[in-house]
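Some structures are shown below for you to check.
Both complexes below contain chain A, partnered by chain B and then by chain C.
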Partner chain A sequence: MTTHRKKGTRRGLAAAYPSWFYLPAAIIFGVLFLFPTFASLFFSLTRWTLFQYSFIGLDNFRQFFSEPFLVWGLVNTLIYAVVTSGSKVVLGMLLGILLTSNVMARGLLRAVAFFPVLVSTIGVGITFTMLMHPTNGLINDVIATFGLKGPAWLTDPRFALLSVAFVDVWKGVGLATVIYIAGIVSIPPEYYEAAKMDGANALQRFWNVTLPLARPATVTVIILSLIGGLRSFDLIWAMTKGGPGFTTDVVASVIYKQYQAGFYGLSTAGNVVLFVLVAAIVVPLSVMLNRKEVEA
Partner chain B sequence: MTTKKFRYYATGILSLVVAFIVFVLPFLFIIVNALKDKPEASLLHFSWPTETHFWANLVAVVEARDYMLMTAFVNSIILTVVAVTGLVVFGAMVGFVLQRRPSRWSGLINFMVLAGLIMPPAVVPTIWLLQWLGLFKTLSGLILIEIAYSLSFSVLLFRAFIATIPRELDEAAILEGAGPFTLFFRIVLPLLKPVAVTVIVVQSVAIFNDFTNPLYYLPGAKNATVQLTLFNFQSMFNTSYNLLFMNILLITIPPLIMFLFFNRQIVEGMTAGAVKG
Partner chain C sequence: MTYAISRRLLVAAAAGSALALSFATAASAEVSLTFLVDNAPATVSASEALAAAFHAKNPDITIEVEARAAGGEGDNIVKTRLATGEMTDVFMYNAGSLFHALNPQQNMLDLTDEPYQSDIMDTFKSVVSENGKVYGAPFQTAMGGGVFYNKKIYAELGLEVPKTWAEFMKNNEAIKAKGGVTPVIQTFKDTWTSQLFMLGDFYNVLQAVPDFPEKYTANQIKYATTPAALRGFEHQEEVFKAGYLNEDFGSASYDDGLRMVSKGEGAHYPMLTFAIGNLFENYKDYINDVGFFALPGDDATNDGLTAWMANGIYGYAQTEHPAEVKKFIAFVASKDGCDTQTKAVGAIGPYMTKSCTLPADVAPAVKDLVAYFADGGRNAPALEFLSPVKGPALEQITVEIGSGIRSPLDGAKLYDDDVRKQALQLGLPGWE
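So, the complex of A and B:
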């Protein structure tokens, strides 16, 4: 009797919620995303002209880890992702706390900090390239009024990568901020009242209430900005195109350059390196961060 | 009391000044330079133009390269509208069945959704495939690509929202004799309006601003999208910064309009899941 009814319900479910609803999405996703992903595992092992290929084993990967300009890309990707992600956590949290407190013109401040998120990355990149111009740029003009000489932000190899990372943070911190605002607002006010009653000062309240209870927001900001940072391409391409030399090249810009140069096998190997890099960093990190949260 | 008030005004004014310098000034820089003539803009100064050339610059940008910007606006609008429509309908269909009928496929589908969110797409094999399908360098190809790359986000949002719609509603409709098509398109889809608006505004801003995918899959000046015009103009206008800034200004208007009308939905969509983790 029970099995019979179960069967009936299952058939009922299948009739009301048919599997073919998956079909349009599954075809588009399967053909245009999954298939190329699997194909890339094969083509990364070849020398490839798009029309014919010859199997060369792991040569592309060997090249990736030995040619200095390709290794630069790998190292820069990690630096860029860690710097932007870390800055967005710290600044996003500070702005989130400021913009959930009783501050003047709160709505206006929130809007102003968030708007850059929605603006064209290429437009932002071009604008900041002008602002960071070594001799005519507004930033160095301001520094000059203090009698100092600002560096060549984008053409000095020591500063270039960090300058682009700064613009990335400028553009993206608004998103981190609204995520923190959502997280902080959801903390029940009783916790703060209890902490106040126990005589905790503002810093202690931040350390013992806000920081642990805004943890889901922190996890989201870290994961989102790491994924974005590791895959970052358009801002770097708009500002430096990987230069000077290869000092701001990242894996994503290497993929594009090798593609343009017609080294399709090598470019695809770069793509596989990028998958592995993203998966190897983001997946364990999100598992770890989410587990700790349950234990706490 | 007075020190409290003093602190309130001091932090308030300080925050406003810092926010103005950090976040507003770069946009004012774009605006004032978009109004200048060529020699004055090339100085890259932050100053009010001695003479405003708004109309002349606007016409020059629009007419440049045989009205390329107009073509690009049309292309970008078609791309955005069609891709976002696909994302809403197909994403909602997946989210609906995924939430309502757990099966042995659910685990795999959830894994695919996460993979789609995290993994960077494999570029050259995609180009190879698009060439084979005859979709490379076509707007239809790019539309399908944008749908494929953003489906995950759309499915996640729809699934979460559908969980809040009571099942009894479906059952009532089924008892009334509604088939799955009627149930979904006539009963459920209209109820998804709030989350659909979120998906629409977030994704249309993202697709309109997309640079990387058009660069790879829709190259060539003939069928450029707006982000590529900026890039193509960068070399062409390297001595005419006024026109470059005017171009930036023009392509910032659509996101600005979205922001003014749908700020709440955009923020909601982008922070979805942040509280739950």
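So, the complex of A and C:
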């Protein structure tokens, strides 16, 4: 019954404007969004040199899925997305609690935690590439003062992906923290008072009050950072270019390399695959997380 | 079936700024041309010197040099600008397989009947021609792919320039035994530098399998199943396994490599000789300590150099000033053009114009290089000038082999798969 009435109201609103009123937005939407989307669907079915194209059906998708590093890239993408997203949730939550407490110089600390978000990703990538240099980087110099030998962070295949993920977390955790701060501040203090009256200790208050009531913040952080992680490219490209060899390739860098090589049809097909992949992971997740929120 | 995309549609879609620009230039009496080059410092200095010298001779024509990224990113820029109808009047680009990928017959001015063509070496003309028409003139010099070595270290240890791979490895052993100096420098931060062992070995491949390029283009021969072709990959693994590499080989850059070999921190650096230009720029004081030799194969009596042709300079088919463009290209390809470049960036290799000469006092590495082109010297073009098939992932594969992540055979197989995409994209017969 309610939904019916809602629909009715919307339709009523729609009639309030003459149709030409929608035209500018519709044109922009059509030219900048609809047309490219359908054009890319079309070109993903062609072998395309920019100068000419020939229709080859689903061959690009077949080729893309037999790309030797695509599977590896998919696995890396998932590892990267889960690791960065998970770390941002945990660290963002902890920092959020710290920065909503009565800590000294709270405003300054909040600004400091947010600062990395504002720095250019490429700049961060280049800086950390220098810090992580195996023989004259600052990180290994520090490790060396303890008499240990640090690994080749970005060029040892065992560490490279996680090293980049670490930098991603450092750069992105500020945003998660801000979302958590907003979420935690909006929890009414009465709940904490009630919990204290019931004799709950700090851990119990966190577990039973903060965590469930900050759920909308958690959902937002997970969704945002997971999408970011799945389509991450700039930081990885700035730091390792997918290397050494192919060991830190993610789906986006595999696609980019096909563009670079001039395989425009193939890389467009890759983008269609990436689009489907992100949608297939994020849409159900979002529905699931939001439904639980309503139930709670 | 293949469809051509309407150029007009693309141009129309490509925004009005281009239109506004062309109106502005058409209005003025003097002609201004734009010359697109890669952003290597030596290329930019040479191009600017050429532009200035040409303007001095032709005051009514101004050349503006525009720099773009090099490597794969540069390929993309050039292709995109051609496809959208926004290419500059004149541009430099590789000869050989990359040249063919630009669709020259549609995009470039025909230079076949220019008077200077008789002064250009036939080997060069063959790599900028399609269907019997010449589309390019030489810009910069020919290069070799081989090994830069530090002459001081060689003198100190009494080593001789190796003629075979076994001798090369023996020298490395001696250098390692002495300690303090890296035998072989590798610089995988700039991934393209990892390809030299494989690409620079092609002279030796060609000696063993003379019809390799034709068969390779026709999908009848593979790297993984041709022992001679596999050797380059194997060499790379051998130097890694023997522990001859610099400790930071994975993070070192191209410039680190040049510094190490010129200052004597390392003994050998496999590289293309265009690097002599960068040595001039950055390590001029050490230029006399650096020598050059071709990558050695297995046969001491038949050692030779894998040669890279000079870059090409091309005129854009849609330029509004074809006559002026041709005039500038003629200047670049002339003896005056060569001398202007030599003055700007030093003599870094042999020119492809017959009347061009090098000064007598060239750097040792250039002397070593030129000897392979002189009478009695032996050289063969790199595979990319004999076959249009070149895989885009080679540099990642050679980084993996050179870092011990992947075996040579496995890498060769992967590369054979990789080139298939390029062959299909070019529509070569025998690959479908």
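Observations on the structure shown:
The rule is simple: the second predicted complex is superposed on the first by the 271 of 296 C-alpha atoms of A that agree within 3 Å, B and C clash if a C-alpha of one lies under 4 Å from a C-alpha of the other, contacts with A are read in each partner's own complex, and residues count from 1 in each chain.
To be clear about the criterion, a residue touches a chain if its C-beta (ideal position, glycine included) is under 8 Å from a C-beta of that chain, and two chains touch if they have at least 3 such contacts.
Fair warning: this is a prediction, and the values are worked out from it, not measured in the lab.
Looking at the shared chain after the overlay, A:Val219 reaches chain B, while chain C stays out of its contact range. Contacts of A:Arg47 after superposition: chain C is touched, whereas chain B is not reached. Contacts of A:Ser120 after superposition on the shared chain: chain B is touched, whereas chain C is not.
Of the two partner chains placed around the shared chain by superposition, chain B is the only one that A:Leu138 touches, whereas chain C remains out of contact. In the superposition on chain A, contact of A:Thr155 is made with chain C only, not with chain B.
Contact with neither chain B nor chain C is seen for A:Asn208 once the two complexes are overlaid on the shared chain.
Shared-chain residue A:Tyr259: touches chain B and chain C both.
Shared contact residues of chain A, touching chain B in one structure and chain C in the other: 50, 133, 136, 259.
Chain A makes touch with chain C in their complex at residues 47, 49-55, 63, 68, 129, 133-136, 152, 154-157, 241-247, 257-263, 266. Within the complex formed with chain B, the residues of chain A that make contact are 12-19, 21-22, 24-26, 28-29, 31-37, 39-40, 43, 48, 50, 98, 102-105, 108-109, 111-124, 126-128, 130-131, 133, 136-138, 141, 170, 175, 178-179, 181-183, 186, 215-217, 219-220, 227, 230-231, 233-234, 237-238, 252, 255-256, 259, 264, 267-268, 271-272, 274-275, 278-279, 282-283, 290, 293.
Chain contact summary for the complex, chain B toward chain A: residues 8-9, 11-13, 15-16, 19-20, 22-24, 26, 29-30, 33, 43-46, 86, 89-91, 93-94, 96-97, 100-101, 105, 109, 112, 116-129, 131, 144-145, 147-149, 151, 155, 170, 174, 180, 183-184, 205, 209, 211-212, 215-216, 226-227, 230-231, 234, 241, 244-245, 248, 251-252, 255-256, 258-259, 263, 266-267, 270-271, 273-277.
For chain C in complex with chain A, the residues that touch the partner chain are 1-5, 72-73, 75-76, 79-80, 82-83, 101, 103, 106-107, 188, 191, 247-251, 392-393, 396-397, 399-400, 403, 405-406, 414, 417, 421-422, 424-425, 427.
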